[in-house]
């Protein structure tokens, strides 16, 4: 089985963290492929950055999905995930969706520990969009500058543990989600210092993507996740145009 | 005052409808500019199409916002609106947001009459994302093929009125929203056949955009609509890169 | 165009604040009329005071609505607004409804800064009744005695700014609403000290009432905002009896 | 113990129905007093009619509360209830609040069977305002003209039973609430034809009002149901002015 | 009238508190019977302890319900209540359900003051399951060890009052619920020190159970509270088997 | 890895279906153990039957959990799941929780197709308790008698497909959950006749239980899923007493 992780940001150092944790988490026989966006920002904290990341993720998915059995949008916030689920023939998930699925299987209310203050509003909207607001205990974030996003686990690890403990003691968290691709793999290192289950987005995504492949639940041909209906388009990248054409078995080019 | 309407789709016929209704609705002294996406689909019905439209809207906004006092994302569903509100220095709204603001000022529960069955799930998610689910009475849509999207008012006008009457009689609608740029201006023609207030997205957007300009409420410098923080980026269009740089007074180019 | 602002309280000093800000905000050609309740309390903080204000507002509306193109209930909390929307032939809005419409067009979550602690519960219920609870970040209020309600901007202005800053920094507010007719016009003075958009109820009501007049969306003839059905009544003021009779084209007097 | 039922409408025939059912339901030693509004409409179906009823109820409560141990607002929709709970020294409830309390003690989801189509929106808002929307299965109403509101049980009884059966079979109702003072006492007559518990507002109000008197839980001196703070007022009826003065032990008359 | 209170825990000292308060609260002619679980834990704080309590309550109800006109599950959290409402022919309520019904009749938002920190999550879930989350202001709990659960009123009474005052001053509570059978009767002693109405679960349950008996609203024969359908079973206690058989008038024994 | 499936009902025929599907779904190296309740009913449709099943599941878990790496409560509705998650040292899930996790990874809104009309209320409450009500499109159920619960797939398979198609076409379902242990394995047979992904509870539980074991997220030592605090108990089965003692490392026996 092949899983394609799409880092919708430009940070190769974060892609390396994603790859390392994904490989550690994968079942025997699962291959991990990680693609890094060629356009975008260093890491996503805002809705506009997510818009850029969503488009980059779509382009990569269009280029490379045929070589994968399942796709993972590898940024917390899952930019573009629901859109890709419509158009791709294979299963897709994202770090938030996967981490929240794990958290829901481990307890009732979860807190998210994040890399910045700014990022919290976007994460809260993501959780709400998934209809899981009633299970969110809190979102807490670092308040430090992050000049080297790939090194945040080293420089901020202790502070992140303190935030997690605060969520357990004061916010009623049954589970802690360490959020964001830059924290991929940290859960392993700090789990024994946090007295509730700790969830990592990347390893959750590996496991749930494998499950989706194995379940063979089928691609929607009706309902709101059926492929977009065939209609005129123009100016799209060749890969995205091909993806649309394949999705509905034809498609019209406007001229 | 200058208002820029961004049609995130490629249909010039729909842009013409938008322009005509916007000009009719504008206050004296308000100029209307309409830009049509150079890439995308004929009209948006799904999340993936919205992703494409959001990116096209961002590119147009980056290119042209400096010549406008306020911006309108001129597709129902408001692709990219919240992202643009972060990054643009001037006010931004969208057809759904504006129509819903009007509807909330006219009654308690509104129904949305839409151009297709497929589009309903995306509209429902948009309303939910605005926190207005409790005021939504229903969404009803046409079930016909729409080969010429710019002509839908003429070919489907009668059916749309019937759908609106059904919403009033059976769904508890206090207000009807005729949804989607292809229906721009229809409200004027059919209002006297529908026994509750009828709302049009384009005229609502004109009026509310004018209000936002006049109110001078200020651009957020803090909170979740402050401009994205400065950080490394690459591969963005020159216009979007310049928008980010201007937003945070500098910006870092990764090399 | 003529807008009638109904101050459902007895404070002429507050009516003067309302008038001043309304005149400043009105478009060219819009005339502002302000009526002060002849019965009631100095300012509304509780549900019982709102009941008194709602009745006073209804009486004034019945007396004077024919000389106005739109009506504004000019107390935050909007006493009687939904009732007047049923019975009046012209558009009606209120300070809360209008301010919240503005806030929703400017950001995602808003905080309300209010003149007292006691008033917060009533405001929270008003926001909930509008279905906007998910967009409310917080309500914060002064905790001082207010012997001269018309002078609160002068004596408490600094403290109100501090409350607003607290909402931005700690409660996640994207927008600040300065609530209550006694604060009419304050937003202009303090906007540059608050790093997010600041909304004023009176100027919002002027703009949105103008919009409602211009939109000509129509008066409900069906649904829950149609005029009350004709039925026996007695003991009502002549003006309210006439309003009911006019609303349903006849009406029955019980004898 | 003395219970005062306030019929906020002008229909003496409905007051007679209220009195009859209240007397049948009262515990030994409980006296029932029923007051009919001297101003208002025949029966409340809309928000504006409720505004009129709320004010009439306040005036009656101000005049007569001292002779009662508890007060009941005897119209479904409970016009003025929350306001009276602030200002009156003794317990207050209403037909909706009381009926819903009974329904919640008998099952999980309840349906409301009502006397008209129009009344449904107002009832739905009342249930929502009580935070019980998730327990509401449906509201169904008669669609007949009701020329003699005091005779509706006789003329429409069969149809009301049919509506109730529909709620059980199709809407998932565990409990039926027969809503509105004009239906007072009907539950006794039809309970054995409806296969779930049937709740009557008047008998519920008698029982719960007796409970509130017996519980001696105390009048709020703090929080949002404390009496309104003392402040200037003018133009109020002598009884309401006296009620306010008594509530806060003084009060200021503006002159 | 006979009311059976089922203490689903093994603490006779708590049963004595329940009995004392129930007897004080009962109307003339109401007899109180209290049964203590023969298996279980000292007091319930967690979901697993509630599972044990629910089963013990069911066994006692099966053994003794025929001698009672109504049943009360006498632990806050109401273990087994909804299940017993299906299967028993007579009305059933519980301490939480009854206390919340009282609280809703006395104000809008209530806080729960509880005996431990741990118990709060389970209480919050109980309130949510009743659909009353929007009326919950807060849950605050003791943080002391409770070696003698029957003596907690004496050793922790002062601290409980302080928690209640905190709920009023900081959490917006209109009403205080003193939660848990070990606090039965405390409300009487401390009510005058708390400036909002104070509700006790046991006295509420007495009053509401009496009301349910008097209302004769009928046992559900349809809907989700009809008795469980007849079907094969095995290994149940003779009393539970008899209860099921009686509920559906027969029942099948598997062999 | 060893997974223990607990059938909380007495039907060996259903246990056989569970076992067959679990074995088909398990990864290489995963062993499946299925235990059938020795006491209880043939299949659970109501809250009372779930109470019986929860207790039976707890007893089996206490007896056999030490021989398993993870536990599955193998009835839709998950009787006892949250309680067992507190007390067991290893991960636990249930058919509903697992199926809903799968459904959330495959689409936005899911419908549940169930074996009876009666069962729908309990399922709806289960979904609500998981905070997923906003993602539930509908629950539809068979309306036939089910004399042989182990044969329902054969006798009712066609009708179940029709219900699923109805959910897709009329209720807005993006995903279908075939609910209940008696339907274990049916999804495989009918997936190609239903145009959206189809989810099976047993195979979902196998996959997610394997994931929980592999993730090693840790057992809660704090928060609401920590083991119940040590306290006096009596009358429990030796296995449950031992489970409690082991959970908190000691425990007190009351004598």
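Per-chain numbering from 1; labels A, B, C, D, E and F assigned in written order.
In this text, a contact is a pair of C-beta atoms (placed from the backbone, for glycine too) under 8 Å apart; a residue touches a chain by one contact, two chains touch by 3 or more.
Bear in mind that the values here come from a model prediction, so they are computed numbers and not experimental data.
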**Shortest chain-hopping distance from subunit A out to subunit D** = 2
**Message:** On a CA-centroid basis, which chain has its centre farthest from subunit B's?
**Reply:** E
**Item:** Centroid distance [mean C-alpha coordinates] between subunit C and subunit B, Å
**Value:** 28
**Request:** State, to the nearest whole Å, the distance from the C-alpha centre of subunit B to the C-alpha centre of subunit D.
**Result:** 44
**Complete:** Check: subunit F positions touching at least 2 other chains come out as 82, 85, 108-109, 121, 125, 128, 134, 172, 174, 223-224, 226
**Asked** Given which chains touch which, is the overall layout a line, a ring, a star, complete, or other?
**Response** other
**Request:** Write out all the pairs of touching chains, ordered by chain label.
**Result:** A-B, A-C, A-E, A-F, B-C, B-D, B-F, C-D, C-E, D-E, D-F, E-F
**Message:** Residue numbers of subunit B touching subunit F in their complex, please.
**Reply:** 120-121, 125, 128
**Complete:** Within their complex, subunit A touches subunit B through residues 10-11, 37-43, 45-52, 54-55, 58, 80, 82-87, 118, 121-122, 125, 128-129, 223-224, 226, 228-229, 231-236, 240, 254
**Asked** Considering the complex alone, what residue numbers of subunit B touch subunit D?
**Response** 108-109, 134, 172, 174
**Fill in**
Residue set of subunit A touching subunit F in the complex reads 25, 27, 82, 85, 91, 93, 97-98, 101-102, 104-109, 130-135, 168-169, 172-175, 187, 191-192, 194-199, 203-204, 207-208, 211-212, 214-226
